[in-house]
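Quick heads-up: structures coming right below.
Below, chain A partners chain B and then partners chain C, in two separate complexes.
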Partner chain A sequence: MKKITNLKEFACTPDRFLGGHRLCPGCAHSMIVREVVNATDDDLVVSTATGCLEVCSAIYPYTSWDVSWIHIGFENAAAAISGAEAMHKALKRKGKLYTDRPVKFVAFGGDGGTYDIGFQALSGATERGHDFLYVCLDNEGYMNTGGQRSSSTPIGAHTTTSPRGRVSYGEKQKKKDITMIMAAHGSPYVATACPSYWKDLAVKAQKALETEGPTFINALSPCTTEWKFKPEETVRIGELAVESCAFPLYEIENGTKLRITYRPKKKIPVKEYLGAQGRFSHLFKKGNEWILDLWQKQVDEYWDYLQRREECGV
Partner chain B sequence: MAEKYQLKKTEVWDGNMAAAHALRQAQVDVVAAYPITPSTPIVQNYAQFLADGYIDGEFVMVESEHSAMSACVGASAAGGRVATATSSQGYALMVEVLYQASGMRLPIVMTVVNRALASPLNIHGDHSDLYLGRDAGWIHLICNNPQEAYDLTLCAFKIAEDERVRLPVTTNQDGFLVSHTAQVVHPLDDDTAYKFIGDYKPLNPMLDTENPVTYGAQTEEEWHFEHKANQHKAIMDSFPVIEEVFQQFKDLTGREYKTIETYKMDDAEIALIVMGSTYETAMVAVDEARKKGIKVGVVMPRVFRPFPYNQLAEILKNVKAIATLDRSAPMGTTGALYNETAGALMANGQSAILTNYIYGLGGRDTTVEHLLQVIEETQQNAEAGKRVTPLQGFINLRGPKLSFN
Partner chain C sequence: MATPKEMLTTWDKIQFGAVLPSFEDPKTKKRSKFHSYNYKVADWRVEKPVFNPDLCINCDFCWVWCPDSCILVEEVTTKRGKKQAKMVGIDYDHCKGCGVCVDVCPTPIKSLLMFPEHTPIEEALAQWPKKEDKKKD
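Let's look at the complex of A and B:
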């Protein structure tokens, strides 16, 4: 297993996801991807759903991928990787592998490709028990197509299909709890992560890759373009999400054993996280106080719930 | 190592069993499939072969046809032999990924048991699914009975995986009429069948991880056109390979396949053009009509894509009137076989009176008597020297005729 000690050493790992891609300056996707693909020395086969990462990393005749990589469609990253993994099993059994080097299988999808259109394929591949890691790059909307809502968009957020308006405060629904849904599949390892906490993410990626069977990481990916914050603030926004417990970091083994992997020393008010992003600016106008209160209440309740589960060892 | 299956020289198989044995004998590395009527028995038979130790590849029972074709694409790009089976709505659900498979030049083989498309829901045979996928960049082969379903599925692997082709291939058989009708089949033994197909020849496999490859990149206006044009050229250039594989198959088995099959066309003055099991019905009708002195023959494109337009024109060069029979509702135009035939004739400076018949939708029976009626009408056109029958008619339709001029 690769030793992950300090950031300098980790950052010096030869790149498997190369620069020159066309992701926005300040995009968290590339941070997450590099931390995942660099978490192992094993060879990789990667599938990627249609989305920001795909359209920005493999524009013919260029590719940012120095690992075997495939993109088919928006909804089938998990199905694609399950086919590749099945082929590996078949060729191994028949003694026809192309290399003796160990190979790991990883799928990346945005929240559109994971929570929504690709959910069926992800659920199916997980149920079938393929040996792969699925990483959701969760920027809480369809950002590749200009910032439409997804089932990951949190309540009150302005998106182009749940816009704030004269009679609207933006998104009406609560963010779908994808990590718990994946845990309910009985997956041997699921986790949430945020690239602002690089070691937490890298260690989780490593754990997931070392675990046999279908594993899942939901990584928060602050989106400078559609969340409306300055590109240099990506890491800080991620920190605010975690320190306010709006996006708690935890892991669950075998669907039952929950562990909180990062506990803020002092939980900050969720207003500080929301207030740092343009997509929530309307919530600070008169008449919308109740949404801020609701947000805080939901965050507190969920944080309590996680702690209770951890205490009970379930 | 998988057990060898002891086959008799003569088996009685339906089309589904024939296709399933062909997949087994090809030693497919990954089959990813989702069952759907009437192709379900292919998947069931394959599962039983696996349960009995006759298969050592992976069998991935996915949660939808979309994922079936997606897993096939992932598996094929990973670098090995891949196959699946489907019908109708399942085929429709796959369509997005059919284009991805051919665009990435992946030699996947799919046995399609042709069935109507809803709505209204119908489980019986017609060619709606085949026509839906006709521009998807796959080679489409047509099988009229279980023997052909077996033979052409073996050939399909050899065609798809040939370095000069590297395109996905479907083998089509009519729902129920072929898929569920048991007939005599002469199979090859396992070793001979596998030897005919040969080992899978990898090309840029993802699992050769020491040489990473990128599959499914994006191309916009700078490169997309060049990619699609080259892909189109590849499928058009596959004719000689298809013919070569058919010749090798004939050398091995004595069973002959051509890109276009013909029956009694040498002296024919009128012709029927039809695909699928109705070709066999048409042969009987031709014999009957010839007893009455009508010089009629029947033509069947064995290869629907690429479409053998020049060969078709050559076969039709002396006929006066032609009836094209399409087993799919074209919904607002003439049927595909009509259009292809018209194009083939025009391209070669030929003219013949051309009519179109829609038949057999949703499993509606098409009998010798129905085809004799078509022959009679086509003969009327030939004798009149102009079209005196409707441009498009329906065969064995209840109620008003609903023909179009």
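Let's look at the complex of A and C:
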């Protein structure tokens, strides 16, 4: 197992997801992918659901991956990786494997391919108990097709299918809590992560890869195009999300043992996180103050809930 | 059994359970022409980051957060015998000019700054802010 102690040593890793892909400048997807694939020295088999990551890293005839890579439809990244894993297990049992080196299986999906469209495949693969890691790149909407809403979009956000205006204040529904849903499947390791906290994400990815069984990481991926902020602010927006507890970092083992992995020293008001993004700018106009209060209330309640759970060890 | 090199020639030579290298020559790490590493996205950027080696403390923050993996590092061994990555420069073929590296740079005077694309590197280094300039602000 590779030891991740500090960044100076971690940076000696040869990259396995290289430049030349066509993701937007300042995209957090490639930060997450690099932090995950560099967290292990073992061979990887990666499957990617349709989405920003797939269309940008595999434009014909180019590929950006230095690992084995499968592209599959929007809905079945988890199904494809569970099939590959089952085949690997069968070949190992029959003694027909090409190499003896350990192989890990990773699936990447956007939030559309995880929360909505690919959910039944993910649920099925987790229920069957295949040995893989599923990483959800959560950018809170269908950003590849121009920013439509998904069930991950938080309340009040402006998207093209929940536009802001005189009558509408944007998205009406609150964000679905996919991490708790995956924990309820009884998955041995489930976590949330943010690329702005590189060590947290790399250690969680390593832990998830070492754990046998279906594991899940929900990684927040600030989207510079549709969240409407400057490309250089990606890392700072991720920090704001975690410091304001709008996206708390925690892990759950075996669906029962919750542990908060990062506690902000001083919790900042959620207004600072929302105000940094253009998609929430209408919430600061007159008449919409109640949504900001609602946001703060929801965030505080969820943070209290997590702390209570951690204290009780459930 | 087919060798990895044969497997790269046609799809029907691929063996079940094989791990295909993405290199034409794994020893020299020469990447095949179908690797996006050989595609240049340099024309995307308006401003380019310039690296000042005198101010760099080799924290590698820019390496871990560069979305395009274009911070070039080289492995060195420290006096205590530990491995350490030393930043050597920027890969201008793949840099899209997002400016994340400048934003995360922790030194008091940034060791990476954005300059217009056409500025020569020597000129940019000459324009670098000094300590006195910072105090005035």
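The criterion applied here is as follows: the second predicted complex is superposed on the first by the 314 of 314 C-alpha atoms of A that agree within 3 Å, B and C clash if a C-alpha of one lies under 4 Å from a C-alpha of the other, contacts with A are read in each partner's own complex, and residues count from 1 in each chain.
In the analysis below, a contact is a pair of C-beta atoms (placed from the backbone, for glycine too) under 8 Å apart; a residue touches a chain by one contact, two chains touch by 3 or more.
Fair warning: this is a prediction, and the values are worked out from it, not measured in the lab.
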First (chain B), second (chain C), both or neither touched by A:H88: both
First, second, both or neither for A:V314, with chain B first and chain C second: neither
First (chain B), second (chain C), both or neither touched by A:E232: second
Which of chain B and chain C A:I72 touches, first, second, both or neither: first
Contacts of A:K96 with chain B and chain C, given as first, second, both or neither: both
Chain B versus chain C as contact partner of A:A184, first or second or both or neither: neither
Which superposed partner A:P61 touches (first chain B, second chain C, both, neither): both
Contacts of A:M1 with chain B and chain C, given as first, second, both or neither: neither
Interface residues of chain A shared between complexes with chain B and chain C: 43, 59, 61, 63, 65-68, 87-88, 91, 96-99, 101, 103
Chain A - residues contacting chain B, complex: 43-45, 47, 54-55, 58-61, 63, 65-73, 75-76, 78-84, 86-91, 93-94, 96-99, 101, 103, 120-121, 123-125, 127-128
Partner chain A, residues of chain C touching it in the complex: 1, 15-20, 22-23, 31, 34-41, 44-45, 58-61, 63-65, 67-70, 73, 75, 82-85, 91, 93-100, 102-104
Chain A-facing residues of chain B, complex: 29-30, 32, 56-58, 60-64, 66-67, 70-80, 82, 96-97, 100, 202, 205-210, 212-220, 223, 227
Residue ranges of chain A touching chain C (in the complex, touch as defined): 7-12, 15, 17-31, 34-35, 43, 57, 59, 61-68, 87-88, 91, 96-99, 101, 103, 195, 198, 224, 230-236
